[in-house]
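Here subunit A shows up in two complexes: once beside subunit B, once beside subunit C.
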Partner chain A sequence: MIFTEILDKLKAKHEVLESKEDLGVLNAWVSAKKIKEVIGFLKNDMQFGQLSFVTAVDLMAANNIEMVYRLFSYETKSDVVIKVKLDRAKPEIETITSIFSTADWHERETSEMFGVKFLNHPDPNRLLLPDGIDMPLRKDFKCADMTPLPKV
Partner chain B sequence: MTTKAPFELEKLSNDEYILNMGPQHPSTHGVLRIILKLDGEVVKDLYCDVGYIHSSVEKMCENKKYEMIMPYTDRLDYLSAVNYNWGYALAVEKLMGITVPERAEYIRVMLAELNRIMSHLLWYSAYGMDVGALTPIMYAFREREEVIDMIEGMTGGRLTHNAFRFGGFRNDLPKDFMDSLKKFIGHFNDKIDEYEALLINNIILTARTIGVGVLSKETAINYGVTGPSLRGSNCAIDLRKTAPYSIYEKFDFKACVGKNGDTWDRLKVRMDEMRESTKILKQAMEGIPAGDIMAKVPKIIKPAPGEVYTKVESARGEFGVYIVSDGTDKPYRIKFRSPSFSNLSVLKEITIGSKIADVVAIMGSLDLVIPEIDR
Partner chain C sequence: MNGVDEELIKKIPGLPIVMTTAEWAINAGRSNSIWTLTFGLRCCAMEMMATGAPKYDWARFGLEVPSASPRRADMMIVAGTVTKKMEPVIIRLYEQMAEPKYVIAMGACAISGGPFIYDSYSVIKGADKIIPVDIYIPGCPPRPEALLDGIIKLQKKIMKQKFRTVKEHK
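Entry: the complex of A and B
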């Protein structure tokens, strides 16, 4: 499926705030409230059976945390990227664990790395990090180990 | 890493108890902790505790120039390092629009397939040890040594090989590479038969693995399981076939699949895959053209703003690299999608209800490498 086709089908059912083509792949921005419906629609009605990964990008200049959901369809061999802009001060989004079980761990990782809160997550514990390190993948993260040693 | 106990002791019934497995357990091949809730010998529930060797590779990479990131990728999965280098090189090449010369593509395929064989041989040896067979390692390491010697000649490394450059290679294949490869291909298929007779078709192993840890196709896809673990569930998804990268379209090979999705099928798929890799190696050896091994690449790697996701079929499954570039010489965001991460998450689903000794057999069949889970 080419990206215009996916976009048309997606637009017919759900509101797409913004969209662009990046190296042949559709990037569509949707609102945080609609994420569960959009991902469910892509999986059930458009054969996007695999959730490749879930992650986030810290857009500090725009004061946003951008969620990235990448899906792949084994049937049509096409990719689609769904993005959601969240407020950097209080990033909150509904979990999609009930649609894709693999989202469980990916969301837990995103949660501790970027401070995104996943609502209704079945196991909202830390995955990789020990206690005491918060949001290391945010751009303003400071750690004593990251300052270079003085020149002798 | 969890600081909270996953199971509450007060809620256990009289027959149930908690068993801690790891983080230092020989069958986890790294530091992975599994907390088991048992009733006698039967596993009632399971919780994976990962993150013991988390080193924040993604954060380190965001503070490094594109060229400097390459050695980090092969340390994610030290057993199939070539494929990880490749995944990252592909991402930057796609972002910058670099076309790799054909000879370099052939060399890449040969290295990747040798590396796949090397990784599967180590898995075979380790799996034998996990289930109590101490002899197979002696046989598998004999051939693995040959493969390592070949890769060492080309890359200079025996474990974390690092020969990939953006656009191809710096050095061509060493002179004796083709002779060694020819010799290796000549006798390797017979050796695989020997391995199968020794371990895979052994009556004790089949009794321990057939019908154990059944993973259905739907569950596997839902959990994002990829690679041989997915193909064992009768699902012919191999990125070299379904989403071909590089020159894999030119080769004649098949995606090996299992029938029932049990532990034995996952073992068998890996053995068959080594045969297919040998087939690819043979075709690559015959078809390799002469010519350049390096494309024209700018001295300073500065991709235009944009983002890219590339994936390769590593020995364990889909390894993906997601890069967001902001136009500088360092990536703004880099994410490694590692296959073992998703493959481990399905462990709970397929282990509940089986015996405690089967946990080791099932976990080994997923072929986990911990550094790529923790990153």
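Entry: the complex of A and C
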């Protein structure tokens, strides 16, 4: 499936706030409340059977945390990227663990790295980081023993 | 003989007697049977394995057994990046090793943090921040020859230590 085809099918069922093509892959922004319906629709009705990853991007200038969900379909050999913009001060989104179980660890990692809170997550604990390090992948992260890269 | 005056040997002719000091004998025993704790943290562990494999073969220098338990090990090779999450594990393993014990910091990461020295939230900048280190081997990663060179230097260091004042880590 080419990206316009995916976009048309997606737009027919759900509201797409914004979309673009990036290296031949459709990037579609949806609202945070609709994320479960959109992911469920892609899995059940459009054969996107694999969740490649869940992660986030810290857009500090725009005061946003952007969630990134990438899905792949073995049937049609196509990818799709679903993005959600969240408020940086209080990022909260519904978990998609009930649709893709693999999202469990991805969401836990995103949670500790970016401070995103996943609502109704079955196991909302830390995954990898030891205690005392919070949200290290945010752009304004500071810690006492971190040496900044010298500007040359 | 090593550690014994030539003149002393000449005074006892004829008999098949080997004379040396207890210090030399004990140090020779220690330096020629160093058991290593198998403890690879990152890519340096690959070079450490290569050093143990037949092509380089550290058994030639008496490192016969890579010991899986810290209680049987004499030397710990910190081969790789020391992260904050690994810190309590390294300290526990080090404390479980029996005296006398030695540490080799292998590679740039174990010496200073290496490529992770700037802008890193998770890396401890050098194994010597948490445990005492005897030998530093630079390289990223060091070649097996460099590790063997470091091991030979550690053996020389062991040979020089005084029997009554062997260091005890507290």
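Keep this in mind: the second predicted complex is superposed on the first by the 147 of 152 C-alpha atoms of A that agree within 3 Å, B and C clash if a C-alpha of one lies under 4 Å from a C-alpha of the other, contacts with A are read in each partner's own complex, and residues count from 1 in each chain.
In this section, a contact is a pair of C-beta atoms (placed from the backbone, for glycine too) under 8 Å apart; a residue touches a chain by one contact, two chains touch by 3 or more.
Bear in mind that the values here come from a model prediction, so they are computed numbers and not experimental data.
S.K.: Of the partners subunit B and subunit C, which touch A:Ile2 in the superposed model: first, second, both, neither?
M.R.: Neither subunit B nor subunit C is touched by A:Ile2.
S.K.: Given the touch rule stated above, what does A:Leu51 touch, subunit B (first), subunit C (second), both, or neither?
M.R.: In the superposed model, A:Leu51 contacts subunit B only, not subunit C.
S.K.: Just to be sure I read the superposition right, which of the two partners does A:Leu129 touch: subunit B = first, subunit C = second, or both, or neither?
M.R.: It touches subunit B and subunit C both.
S.K.: Residues of subunit A touched by subunit B versus by subunit C: which partner has the larger set?
M.R.: With both complexes superposed on chain A, more residues of subunit A are touched by B.
S.K.: Where does A:Met60 make contact in the superposed view: on subunit B (first), on subunit C (second), on both, or on neither?
M.R.: Neither subunit B nor subunit C is touched by A:Met60.
S.K.: For A:Leu17, is the partner it touches subunit B (first), subunit C (second), both, or none of the two (neither)?
M.R.: Neither partner.
S.K.: Looking at A:Thr147 after the superposition, I want to know if it touches subunit B, subunit C, both of them or none. Which is it: first, second, both, neither?
M.R.: A:Thr147 contacts subunit C only, not subunit B.
S.K.: What is the contact status of A:Leu119 with respect to subunit B (first) and subunit C (second): first, second, both, or neither?
M.R.: In the superposition, A:Leu119 touches no partner, neither subunit B nor subunit C.
S.K.: Indicate the residue numbers of subunit A shared between its subunit B interface and its subunit C interface, in ascending order.
M.R.: Residues 128-130, 136, 141, 146, which sit in both footprints.
S.K.: What residues of subunit A sit close enough to touch subunit B in their complex?
M.R.: Residues of subunit A touching subunit B: 22-23, 25, 49-53, 55, 57-58, 68, 70, 72, 74, 77, 79, 81, 100-102, 104-105, 125-131, 136-137, 141, 146.
S.K.: Quick check: in the complex, which residue numbers of subunit C touch subunit A?
M.R.: Within the complex, subunit C contacts subunit A at residues 84-85, 117-122, 125.
S.K.: Touching subunit A in the complex: which residues of subunit B?
M.R.: My answer: residues 1-4, 50-51, 54, 56, 58-59, 62-63, 94, 219, 221-224, 237, 242-243, 306-309, 311, 318, 320, 322, 324, 332-333, 335, 337, 341-342, 345, 349, 374-375.
S.K.: Enumerate the contact residues on subunit A facing subunit C in the complex.
M.R.: For subunit A paired with subunit C, touching residues are 128-130, 132-133, 136, 141, 143, 145-150.
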